[in-house]
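Pasting the structures in now, so scroll down.
Two complexes are shown next, each including subunit A; its partner changes from subunit B in the first to subunit C in the second.
Up next is the complex of A and B:
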């Protein structure tokens, strides 16, 4: 049984965002470019896993569709942030009415989030009746459908080829702002009336329904909100990496954010933060070792896949030894 | 070209693809029925069998023996995964088990990337997989025909096993009501291990035909079979072995049918259509076409 009492959200906000801000400041002042990039990745990952936590953590229903929303956010923000010249280069078959459109970066990011939320709102409502394995397969099907559309709708995505020519607008402080903002949002949402109802439905669907909670409705709101957050994360990632293809939004990425939620503990926002930090650290650390091995040419072949092997072993161990994650459903000060 | 010819060709193609899909779905459902575990790592059993084919296939050993060893490797891997990864989380929620299998799947894929190669490698398969023969004016691929025959034979044998042997009956009883089955003295570990062994065996057989069709094996060779198995199982009914078979044949017919009927511009979206159907089935008939006996949750 998880904690279900309503608590104030601001002590946890301060406790979690304080160290993150200090870390960002230290890296900004003293870290090199590599460290700064790793930190940007960390805060984008954090935004993404917070999106997952808002839905999965509170409702107990696993969503495999999040990375699809990330892709929608990435592509739709790109369409609105790129200059007409860049679009003429990268997207030759783009619908002509979209070519001249260009808005400021922040607006484009919000549009990315809204597009993801719109898709989630349209297809999500009927899906919210499902839970357990059926929900997993349904959201998985949704991910595959979004992926298929991204790969084939070449007018707006350049098809399976790489979309290039985005400006690198996502600086360290942009990513920090997003991470902290959504951290506070997730903590606040959890303690709202809606968040409590959602968590009640996670503990016992039948009991929650019997006291008048409209489970489909509360899940739907969380799903749409989560899609918005993930869409924003996708938009930020797009303007950090600046060129990408639909392959970036599929199973490996899904595995990464689910492992963050599971390792940290998906039922609490603190768990999401711990998971994002731990997994990003493992991922970047092992990848650094992988690169060092490959550069030193100790082995006659290149090493790849080691990072994912380490992550999946970590995840399996956590699932066996501590199925509710490092933090379980606890928020940090307690 | 006459209509009869087209219809016959369609039936042959749909049946042979459907038979293969039915085997894929059965391997998934036989474990789900007992453990409520949606096993994402099922596709990696196909991969393990495939890599065994790759490594031994080029040597002097006759292909049939290599095939048997490959199936054996899939069975062993399946049993090993059950023991190491799935048994410890058996008491946990369905979601925890599912995510465990997702992690196991990622682990095996990336081990293949790490230790073998990220790229797919060509496998030498017997030439009959790519040969065709003609009956009247019908073109029949020998590989397709073999998969049709083998799937029918295996379905028959599996039915016999499940209906006539004690272990088979225990398996079906466990799929119906696992707690009750244990109460009457059936050993849980034995039943579950049997289910995993059968699942591995089916994955091994699937691998022979699947990799025979593809002609190559790579770390992600199991993705399509596992997706197909999901779809077929969901459509047919996750709790029913009969449903899995029906779902497999339906999906085979649907795949071949969409290929024929969709206009060229929409053909690339075929996968999206198939998965949209999955969503519709989940929404309107979540228990699938064939209902299991104990689907409703009691409060």
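Up next is the complex of A and C:
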């Protein structure tokens, strides 16, 4: 009876996090500041795409709303981490009871995640009945709504203007910790009872219902968990970039993480990791080329949007050649 | 799950209308625990529709479905599953991206077991249907003949009190059908479940079922033991009209 070894999440955890840790260590010891910053972005992107994977990968339902949760995480963590003085400078109309509030960075990040999860919990339940094209449209609408609120709620966001004055708390090791932690979380979640039920519902909704799976409920839990992870990623990003406006949490960023999920293969956590690494590499590489062209006076023109073009081409190629992504639904090392 | 061995499933005067078509009309039947009831009838007579109504996939236009004293009419399928009703599908619906073992295990998990317990239960169910050797294969890669067995195992893994099988013998040859018969016959006795089986394989139905219920154009035309039904004039006429042979023996 016991010849079947139980599905386990830790070998994959080790296999995926090992190389990432080595990469981080090498860059930390020998890389310059530019490389370190790229790596921080990589680990934050990784956190974000893991958030997407937890929901989309397991449920098979596409969510375009994630970056909205990133924005909520960014702004709400900022409100709790900034000093009263900084707030007085940057947020002149902030509600007075919020001005003196300041908590340690880690707490602020968790608050960012919780706020995103709360919003997801409140608006998510009716959305979870949808799948396919309807889910795409509805979650896209949610992204637009969150964006509109961020732009107009100037008391807490400074409106469409840039919010500045955050401390750069997100170091390389903070981003690494987040990436690895949520990597393990995502792998573990897949193998929980709920994760298994969610994956079954992805494969066949009728059969899932017939064995007693409450599809709306399991999707909702994953949606809320995913929003938490994405909110944390947003909070970390906010304390890395230190000044931003609501525009940072809109279509380009959405496109970026969706392309990571699609290129790597969203059905597996390994795919999410591969996607995050590949897309960040393409993105930073092409941006470097773009900058070089624009700075040099050799060419009589400047270029912009090259990164988006290259990512689009990569995504189209993947969709044609390997529709389920580089890794598909396989977890390494299988 | 409802724990009462005396429980009976009652289908009371079920009528189901589709647009421009009455698929079921005033169908009444009951299913006891430990018994095997065959639901037969020509193509399009409403057998699948009745299973869909009982398991919550369709809401009846009129009529009730009760399990003991619990009225489950109109409940969503996942709630009905938690009462202890399990089913298979005429058009196979496996979780193709999951392994065979996961397919069965997720049913046990959904019935409330922990993952280690669910694994034990899944291995038990796979053994019952003789598919232990397929456990690690992705369900999407199964040969056609094996798929239905995995669906039966999945339904069994929740330890249902009532089990509904929609054409489990479809596509099987005589020998495979005999294997299925051997596998299904002891189940109600050993697990205490009541079993309702739909199939066109009369060799199987006649040997397996304790009682038969015959539908034609959505209406009950006959009820009784296999022997009674076999000689019923209306049943013979219905099957003659459909071009299917009713009596293999």
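In the analysis below, the second predicted complex is superposed on the first by the 328 of 334 C-alpha atoms of A that agree within 3 Å, B and C clash if a C-alpha of one lies under 4 Å from a C-alpha of the other, contacts with A are read in each partner's own complex, and residues count from 1 in each chain.
FYI, a residue touches a chain if its C-beta (ideal position, glycine included) is under 8 Å from a C-beta of that chain, and two chains touch if they have at least 3 such contacts.
Predicted, not measured: the structure shown is a model, and the values here were computed from it.
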| item | value |
| --- | --- |
| Touching partner for A:267 - first (subunit B), second (subunit C), both, neither | second |
| Partner chain(s) touched by A:215 [first = subunit B, second = subunit C, both, neither] | second |
| Which superposed partner A:329 touches (first subunit B, second subunit C, both, neither) | second |
| First (subunit B), second (subunit C), both or neither touched by A:196 | second |
| Which of subunit B and subunit C A:255 touches, first, second, both or neither | first |
| Touched partner set for A:309, first subunit B, second subunit C, both or neither | first |
| Touched partner set for A:206, first subunit B, second subunit C, both or neither | both |
| Comparison of subunit B and subunit C by subunit A residues contacted | B |
| Partner chain(s) touched by A:136 [first = subunit B, second = subunit C, both, neither] | first |
| Touched partner set for A:144, first subunit B, second subunit C, both or neither | first |
| Interface residues of subunit A shared between complexes with subunit B and subunit C | 206 |
| List of subunit B residues in touch with subunit A within their complex | 32, 36, 38, 85, 88-89, 92-96, 98-100, 102-104, 106-107, 109-114, 118, 219, 223, 227, 230, 234, 238, 268-269, 271-272, 275-276, 278-279, 282-283, 286, 299 |
| Residue ranges of subunit A in contact with subunit C within the complex | 1, 4, 6-7, 191-193, 196-197, 199-200, 202-204, 206-215, 267, 329 |
| Subunit B-touching residues of subunit A, taken from the complex the two chains share | 60, 62, 123, 126-127, 129-130, 132-134, 136-138, 140-142, 144-145, 148-149, 151-152, 206, 251-252, 255, 258-259, 262, 303-306, 308-309, 311-313, 315-316, 319-320, 323 |
| Partner subunit A, residues of subunit C touching it in the complex | 55-57, 76-78, 81-82, 86-87, 89, 93-98, 101-103, 105-107, 109-111, 114-116, 118-120, 123, 135-136, 154-155, 157-158 |
